[in-house]
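Here come two complexes built around chain A, the first alongside chain B, the second alongside chain C.
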Partner chain A sequence: MTTPFSVDKDAPHRRCLVGNEPVILHCHHFNTYLQQTLLDAEYIDTTKILIGAANEMAFHQLSDIFSRQDTADVAERKELASRLYQWAGFGKIDLSLLKKDGGTLATRQSHYSQAWKVKLGKATRPVDFFTAGWLTGALSAVYGLAQDEFSVIQEKCMAKGDEQNVFSLTPGGNNYSVYHSAKGGELAAQVLQETTSPLDEDAIFDALQGLPLVGDDQTGLIEAFGVILTHHYANYYNRISFEFERELAAQFGTDGMEIAEPLLVESGHVCAFNTFGGIMKSMMWQGLIQPQLATKEDWVHGIIACVYALGWGRWQAVGISRDEARFVIHNDYESIGFRAMYGKADHNISYLAMGSAMGIMDLVYVGNIEEHPELNPAFYEKLFKGKESYQAKVVKSLAMGDPYTEIHVF
Partner chain B sequence: MEIQYTINTIFTKAMLDEVQEIGGVPAAIAHFSQQIAGAKDFFKTKLSDYSVLQGLIGGNKLVATYGKFGEKTGDRQEGLTLLLRDKEALEDKLNEILSE
Partner chain C sequence: MVGNKGKLFRVLKWLEDEGEAKAIARLRMKILPFSVQESIVINRVDRTTTCTDRLLKEARKAATEIVGKPCPC
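== the complex of A and B ==
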């Protein structure tokens, strides 16, 4: 699919940027689970965070693209924005339905609403906070208005059983938090480790770039590896996760921080189980990666090579055995985002990385993923909550000032 | 609905050329064998607007996904009819190819 916007691959750092925003691949399991984690904390108004973060991403990304392309025509901008939304796998929208004074937009294709219903069942209220916020930011960028010009309400939602999602945008004030994008952030110099990987990781990275992982023409969704993927914003995940943690800390002090970490790490588990598990069972894996693998340790290297294609930064695994492994992550997107948003951290914040690193070891050594087990809830419980399940400790943190993030899994 | 087929021979490029006629568009092929020694080429081909077939050239397993997440196919009965039609078309074609 050719795009009217530039998709900038940074191969040495294993990153991808669109409109100077880092974009990463994540699945519907992670997207819905993380959102539900925030919504379950009813003592905090997390909806303003969810909508505000999406507003932030759309506004800054599209403003950057429009500026670079010198595109002033409103119809062209709306078309580009609509195509970007579809390319990313968020669904399908027609921005031409909205005007400078707002309006109403309906759609029958929504990653968040459709994924929510499949994974979590029927919702009791609208759940596509992401699209709601995204539309406000996009419309402001299209018309060159203030980022928070529009408030938004999602009036109908397919997750509730409605036929379509319906959003109403009204000018004159926002009903969400307003954030200013950290954009690509600053990268640290990579101190690559020696590993025992038998794989040509650069060649695998190149090979995976050729996979057509873009929103379907009809649905605007990306089905692959048994999951529904999105080219999502690293800084969206960062913003909602870190603002969630900050709100908990503001309300409950250090107890709040202690509540946040296991919840956010669990989201990483969920992601690893479904996305990595799906990848390791896929035809793509069997064709490209599996022929090069001889040992269980090789399987860890193999999935690391696939992580490269997700845009999460450059991962390496060293000292791998059944007992333990060290995951060295250069420029992990959580650290890059945190430092750009809030400055140096005083505690570890690489939650997704922790959950994912544990997930890899659990899938390979506890789950025997090479036998293609069914990835169902009972298997998830066995892998991640059994007595053989791995634990993780962050021994170095880029966010805290170390040259990279290192996670010891044991 | 996902169904895995195991065939009793190696799936070749010539077989893919025949199967892709079901959907009427060329299959998308990732030429992994040209990039990594020992790798097999991975393909994905449309069976219809709702169903796809994936596999490896040089492999003996095929995975058909009948139905597309998020696609509206009218009422439930109509949707099932369409998917069964795709399933029948693929299985008829595979039987034809494998009996040659």
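== the complex of A and C ==
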């Protein structure tokens, strides 16, 4: 799929930017679990955060692309935005249905609604907050209007059992929180550690970059490695996680923050289990990576090499054994985003990284992923409810002022 | 009225057995305003813990939602 927008790869930092927004690969397990965590807190209006963060991403990304391309034609802008939405795997939309005075848009292809139904079952309310917010930001960018010109209501949702998702946009003001984009953020200098990896990691990175991971022409979804992937916005995840945490802290102090942490970490755990597990069982893994692996420690290095292609920053693993490992992460997207949004952190915020690092160790040493177990909920429960499951502690945090983030898994 | 000795513990035990890996963490999130109001730390609940009818009702409701079947406790 050729794209009418530039996908800027920053290979040394293992990052990818589109319209000056960092874009990362994440699966439907992560997307739905994280959203469920926010919705569980019914005493906070988290829908305003979810919709507002998507509005922020679409508005700033598309405004940047339109400005760089000097594209003023409304129809052309709508076409570009619709194609970007599909490329990212969010589903399919036809923005030509919406006008300067808003309107109604229906679609039968939506990552969030379809993923919710697949993973969590039938929803009791509309759940595609992402698309709702994305449409408001996109339409404002298309017409060169204020970021929060449109309010939005999702009237129908496939996750509830409706045949399609239906969104209504109305001009005259928002019904969500309004955020200003943190963009790419400021990167720290990378001083790479010596590792025992037997792999040609750059070659693997190059090979993975060549995989056709883009939204399908018919469905707008990216189905790969047994999961449904998205080229999502790093700062969407950052915004919803950190704003959620701040709301909890404002209402309940440290109690609120302590309660959020295990669930935000679990999102990463769920992601590692499904996406990394799926990668380690894939034909790509068996052909490209597995022939170079001799030990379980090599398997850890192997999946780290794949993490490079996700845009999560430059990961390294050192001191790996069955007992422990240290995951050194240069420019993890959570730290970069936090610093750009709020300045230096006073506590650890690398939740996804913690969960993912634990998940890698659990898959390799507890789950014996090399034996190709079936990655189902029963195996997940066995793996992660058991006493053998790994723990993690952040010992260095880029967000808190350290030169990189380091997670001790034990 | 505070009472219901041990009942909240039984709800949590059922949830731990029947629920997903982080089921207790999800319940803590769902009932946070009610547990804070009664100064109850969910992770420290034991057989002697008492709570109001309201907190117990919220805990049962949350446990039911998380597991996807009625909490029998």
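Here is the rule we use: the second predicted complex is superposed on the first by the 410 of 410 C-alpha atoms of A that agree within 3 Å, B and C clash if a C-alpha of one lies under 4 Å from a C-alpha of the other, contacts with A are read in each partner's own complex, and residues count from 1 in each chain.
The definition used in the following text is that contacts are C-beta pairs under 8 Å (C-beta built on N, C-alpha and C of every residue); 3 or more make two chains touch, one makes a residue touch a chain.
Keep in mind that what you see is a predicted model, and the values were worked out from it rather than measured.
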item	value
Which of chain B and chain C A:Asp206 touches, first, second, both or neither	first
Touched partner set for A:Leu221, first chain B, second chain C, both or neither	first
Chain A residues touched - chain C or chain B, whichever exceeds	B
Touched partner set for A:Tyr380, first chain B, second chain C, both or neither	second
Touching partner for A:Asn235 - first (chain B), second (chain C), both, neither	neither
Partner chain(s) touched by A:Ala41 [first = chain B, second = chain C, both, neither]	second
Touching partner for A:Gln292 - first (chain B), second (chain C), both, neither	first
Partner chain in contact with A:Thr275 - chain B first, chain C second, else both or neither	neither
Touched partner set for A:Gln109, first chain B, second chain C, both or neither	first
Contact residues common to both interfaces of chain A (with chain B and with chain C)	none
Residue ranges of chain A touching chain C (in the complex, touch as defined)	37, 40-43, 121, 248, 251-252, 255-256, 259-260, 262-263, 266, 269, 377, 380-381, 384-385
Interfacial residue positions of chain A with respect to chain B in the complex	91, 108-109, 114, 118, 200, 203-204, 206-207, 210-212, 216, 218-221, 223, 226, 228, 283-284, 286-288, 291-292
In the complex with chain A, residue positions of chain B that touch it	2, 28, 30-32, 35-36, 38-42, 44, 49, 54-56, 59, 61, 63, 65, 68-72
Sites on chain C touched by chain A in the complex	20-22, 25-26, 28-30, 32-33, 36, 68
